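Just so it is clear, A, B, C, D, E, F, G and H label the chains in written order, and each chain counts residues from 1 on its own.
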Amino acid sequence: MATWTVYLSGEIHTDWRERIERGAADAGLDVAFSSPVTDHAASDDCGAAILGAQDRKFWHDHLGAGVNAIRTRTLLERADVVVVRFGEQYRQWNAAFDAGQAAALGKPLITLHPPEHDHALKEVDRAALAVAREPEQVVAILRYVVDGRLP
Amino acid sequence: MATWTVYLSGEIHTDWRERIERGAADAGLDVAFSSPVTDHAASDDCGAAILGAQDRKFWHDHLGAGVNAIRTRTLLERADVVVVRFGEQYRQWNAAFDAGQAAALGKPLITLHPPEHDHALKEVDRAALAVAREPEQVVAILRYVVDGRLP
Amino acid sequence: MATWTVYLSGEIHTDWRERIERGAADAGLDVAFSSPVTDHAASDDCGAAILGAQDRKFWHDHLGAGVNAIRTRTLLERADVVVVRFGEQYRQWNAAFDAGQAAALGKPLITLHPPEHDHALKEVDRAALAVAREPEQVVAILRYVVDGRLP
Amino acid sequence: MATWTVYLSGEIHTDWRERIERGAADAGLDVAFSSPVTDHAASDDCGAAILGAQDRKFWHDHLGAGVNAIRTRTLLERADVVVVRFGEQYRQWNAAFDAGQAAALGKPLITLHPPEHDHALKEVDRAALAVAREPEQVVAILRYVVDGRLP
Amino acid sequence: MATWTVYLSGEIHTDWRERIERGAADAGLDVAFSSPVTDHAASDDCGAAILGAQDRKFWHDHLGAGVNAIRTRTLLERADVVVVRFGEQYRQWNAAFDAGQAAALGKPLITLHPPEHDHALKEVDRAALAVAREPEQVVAILRYVVDGRLP
Amino acid sequence: MATWTVYLSGEIHTDWRERIERGAADAGLDVAFSSPVTDHAASDDCGAAILGAQDRKFWHDHLGAGVNAIRTRTLLERADVVVVRFGEQYRQWNAAFDAGQAAALGKPLITLHPPEHDHALKEVDRAALAVAREPEQVVAILRYVVDGRLP
Amino acid sequence: MATWTVYLSGEIHTDWRERIERGAADAGLDVAFSSPVTDHAASDDCGAAILGAQDRKFWHDHLGAGVNAIRTRTLLERADVVVVRFGEQYRQWNAAFDAGQAAALGKPLITLHPPEHDHALKEVDRAALAVAREPEQVVAILRYVVDGRLP
Amino acid sequence: MATWTVYLSGEIHTDWRERIERGAADAGLDVAFSSPVTDHAASDDCGAAILGAQDRKFWHDHLGAGVNAIRTRTLLERADVVVVRFGEQYRQWNAAFDAGQAAALGKPLITLHPPEHDHALKEVDRAALAVAREPEQVVAILRYVVDGRLP
C-alpha cells in the first residue's frame, strides 16, 4: 500500500506535531507528515522579508499570508488525511479555515482539541470523522487506519 | 441580469445582517440574502429537540450541528457571493470554517470585521476579495458589483 | 429563498413519503419532493415492457434498472437534500446505493429507519447529517432547515 | 504500465479476498489490493477503543464508523477498480453504500455475488461493468484488463 | 417537478426527432427538447459564411465545426438526458463523439439505432442506460421517466 | 429553449458591446448579456472608494481588482458563452486572463480582434471556437447558435 | 520531468501503434504508451469467456464491452495525451466515443486519419489539438512536446 | 516530502528561468521545473513543420498553437505552483492566458514583472499569491515554501 500523507494544521505553540510524528515512527507506520511553517516569526514575516517592507501592518500580513498559502494550499490538496489542532490559546481562525477547506475538498478530517472547546467547535467537529483529545489518539487512529491494528 | 444570491455567515449577536439587507433594499438591488438560523437557542437545540435528548452535551451539539449543516451547506453552495462576519466576542470558529469552505468552492468571499482582528484573520482575509469594516461597505460593494454604481 | 428540492429514496411499501409530503404541505414549506417510481410492478417491468421481453430474468432486471436509473440519477443530482428510508423488510440495497451516491456527490443526507437497523446501517448513518426514526421528524428537520422554525 | 490498484469492498466472513489476491499473484499481475479492516471485532470497536467508551450503542457505532471511513474513503478514492462482494448473510448495506460511492466517483465497478441476489441487487449491478459469481472470475477479469490475456 | 431537458443528437436525415417530439407532446410530457442545427447545408457552411471563405476544405470544415460546437457543447451540458441516434447511412462519428462526451459528463444516455449496428456500437451501447430501436420507444422511456407511466 | 447568457469581456473604449447587444436585439435573439463594469474610472477606483484610500498605487489597484473580481468571476461562471475583445490599444492582459479562465472552465469562447493581433493572440485563438473581426460577426454567430439561422 | 503517458485509441488492424512506439523509442522519449486490448477475438469474446456464454449476441457484446471498459476507461483517465486513429475500414464508433470522452475530460487530443475522412470527422478534429496523417507525425509531435526538439 | 513541481510560464527573451533554476539548485531545493518550449522559432513553426505548411499565416499559427498547447496544458495541470513572467516587451497575452487557466484550476500563482506593468496587470496580480520583481525573489519564495527557510 502506498504511503499515507497526513497534513497537520493548526496550533504551533506546543509539541503535538512531534508527539504524533514520534508515535507514528515508533509504530512503524508508512506515513509522511506535512505542516505549515511552524516558526512563528518566519511565518509572520516571510512576505515582507522577501517581497518588501510595508508601511501598514495590514499589507505586511497580507503579503505573508499569500506566501504561506502557496505552501499550505498545496500540502492540503496533496494530503490523504487532515488533522487540525485547536489549542488553549489564541483564536486560531486559520485552523478552522483549513478545516473548512479540507471539508469542502472531501478530505477525511480529524480534529484535536480539549473538551472545553467542544461547543465552540461543534460545526467543525461535525464535519470531522474523529474528534481526538490527545496526540496519542491521533497516532492510534493512524495505526488503525494504515495498518488495521488496534492498541 | 439574474438575481444575485448572497450568503451572510458568521456572528449572530448584532444587527449587521439587517443593516446589509436594509441597505440593499434601499439601493434597489436585485439581491436575495440567505443565512444560517440566527436564533441562537434554536440553533443550539434543534438537533436534540427533533431527534431526541442526549445525556452528553457533546452529542447534543453533534446532533444540532448536523441539522444546521443541512441548511448552511446548501445555502453556501447556492450562493454567488459569501460574506463572513467576525464580531468582537466569541471564537466564531464556524465563521472561519464557512470561509474555508467558500474559498475551496471558489466562491467570491467578503470578510467583515474590525481592525483588531486583522492579524488573527490574515489567512482568511488573504482568501477574500474584499475586507470590509462596516456593513454599509458591504452594501456599497454589492451595489457596485450588481449595478456598477459607486457611492 | 428558492424552493428546496428533496429526493425521497428507498422503501416503497409504506406511506412514509405521503406522511412527509403531507407534513410539509401542512407546515406551508416551500419544498418540492421527488422520488423513484414507487409502483413496484412498473418499476420492475419498465425495461422489458418498453425495450422488449428477455429470456433471462437477469437481463429483464438489467433493462429495468437502466430505465429507472435515467430517472433516479437525474433526480438525485437535482436534489438539495436526500432522504433515504430503510424499512423493516427486504434488503434494500438500492437505498444504500443511493445513499452512497448522495454522499459522494456531497448532498446533505438524512436517513430514516428504526433502531434495530442501527448497527447494520452505521456506515450509512455516519455519512448522514441526521438519523430520523419517524417521517414526522424529517418534516420537523425540513421546517427548521427551510424556515428556521422549531416544533 | 503502472500498477493497478483494486479495492475489495464488502463481505468479510469468507475467503474471497484471499482467493482473488492469490489468483492475481499466481497470474503474476501487477495489481495492489486494498480493503477495509476485515477483523470484525476491531472494525466494530475501533472508535470506542481509541476515542472513549460510550453509553449508547448508537454512538459507539458512530465513532467506529467514523474511524473506519478515514480508511475506506481514502482507499476507495485511490482505487482504479472497485470490487464489491455481497455474501449469503447479513444485510451488507455498507457494501452497497461503497458501490454507490464508487459509481458516483466514476470508478469501474465489479460486483461479486450469487444469483439469488440478482433481483435485489439489480440497481447496483446495472452500475457495474461486470457481475461475477466467483472470485476466480474477478481474477480472470483483472488478468484480461491488466495484461490482455484470456484464460 | 421541473421541466426535463433532452438533447437529441445524431442523424439528421430522417424524421426521428419529430416523432419523438410529437410523441412527447401527445403524451403531455413536461419535456424541452434541444438539438444541433439540423439544416445540413447551414451546418456545413456556417463557419465560412460568417467568418470568411477558406481556400482549403479542411479549414472550411474547421470553422464550421467550431461554430456548431458553441451550440452543441452548451446544449449537451444543459441536458438532463441525451439521446443519440445512429442511422442507416453515413459514418456519424459526431454522434459517437457526442455520446462519449455525454458519458464522461455523467449524463444518462439513450441510444437509438437498428440492430445491424449492435456490434459496431457495443462500446457506446454499454455506456447507455437504454438501447432503443424506434423513436416511439424513446417516447415511452421519457413518459415513464418523467411521469412514471408505462404504455 | 432557455435564455442564453453571454459574457462580453475585454476592451472598454469602443462601442463593440453596444453593437453586439443592438444586433442581437434586432435579430430578436433570446440572449442576456453581461459584462464587467465598463466605466473606466469607476472600475479603477471602486476598491479605494469603498474600502479606503491607500498610500501606494499598488494597493489602490489591488483593492479595486478585488472588488471587480467579485463581479467578473461570478458573471464568467454563469455565462454559457464568453466573448473576449482585444482592441487596438493597451495591453489588455485582463482580457487574456479572462479568456484563460473561460478556457479552463470549459466555456465556449469567441475572440474578437483585428488581424494585426493574430500572431500575438495565437494561443488564445487556439482555445477559442471562433475568431471574429467585427461585432456583427459575433451577432451572426449568436443568431446561428441560438436560432439556427444563417445571415 | 516525469514520464508522459499516451493512450493510443482506435483502429486495431494496421501497425500504427508499433510505428509510434518504435519511433518514440528510437527518439529516446520518456513516454509510456497504453492501449485497449488489440487482439480482436479476445476483445470481442472476453465478457462471455469469463462471465458465461449468452444466447443473444447483444448480451454477448454487452458483457465484452463492459470488461473492456474497465481497462479503457482507466487508461484514458490516466493518460496525459490521447491519440485516436481512424482507419480506412469499419465504422470505428468506439474511436469517436473515446475521443468524446477525452474531450470532455480535457485531455489533449491528437487524431490520426487519412484526408478522405476529414469531412466526416470535422467535429472530432475540431476538438483535437493536432490532426496527423501518419504515425511518424505523431512521433514528431511527441518529440517536440516532450523534449522540445523539432525534426 | 515529495518533489514540488513549478511551471515557469511567459516571457522567453531573458534569462529569468535560468536564474530561478540556478537559485533553486544552489539552495538545494527539491523542485522540478517545467516550461513551454522556449526556442522562439521552434515554438512558432512546430505545427507547420510537423503537420504541413499553410498558405495563410493564421492557420500556420493555429497549427503551432495547437501543438504547443499539448505541452503547456499538460505541464500546467501537473504543476503545484505556477510562475508567470511578464517582460518589458511584447504583449504576452499567452502569459496572461496561462495565468487565467492557473487561477481557474486553483493553482497557487506567482507573478513576476517590473512595477511599470502594475496597473495593467492588476487583475492578474489580484489572483496571484505573490507578486515578485526579480527571479531571486521567486527563489526565496520557493525556499520558504518548500523548506521553511527565510533568506
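To be clear about the criterion, contacts are C-beta pairs under 8 Å (C-beta built on N, C-alpha and C of every residue); 3 or more make two chains touch, one makes a residue touch a chain.
Only a predicted model underlies this, so the values are computations on that prediction, with no experimental measurement involved.
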Pair joined by the larger number of C-beta contacts - E-G, C-E: E-G
Duplicate of the G-H contact set - from A-H, F-H or E-G, the pair where over half of the pairs recur: A-H
Separation of mean Cα positions, subunit H and subunit C [Å, integer]: 49
Centroid spacing, where centroids are CA-atom means, of subunit B and subunit D in whole angstrom: 40
Subunit B-subunit F separation of Cα centroids, rounded to whole Å: 30
Subunit C residues counted as touching two or more neighbouring chains: 66, 69, 106, 126, 129
Subunit E-facing residues of subunit F, complex: 1-2, 4, 80-81, 106, 108, 110, 128-132, 137, 140-141, 144-146, 148-151
Interfacial residue positions of subunit H with respect to subunit F in the complex: 57-58, 61-62, 64-66, 68-69, 72, 86, 90-105, 115, 117-127
Residue ranges of subunit B in contact with subunit C within the complex: 32, 34, 37-39, 42, 45-47, 49-51, 63, 66-67, 69-71, 73-74, 78
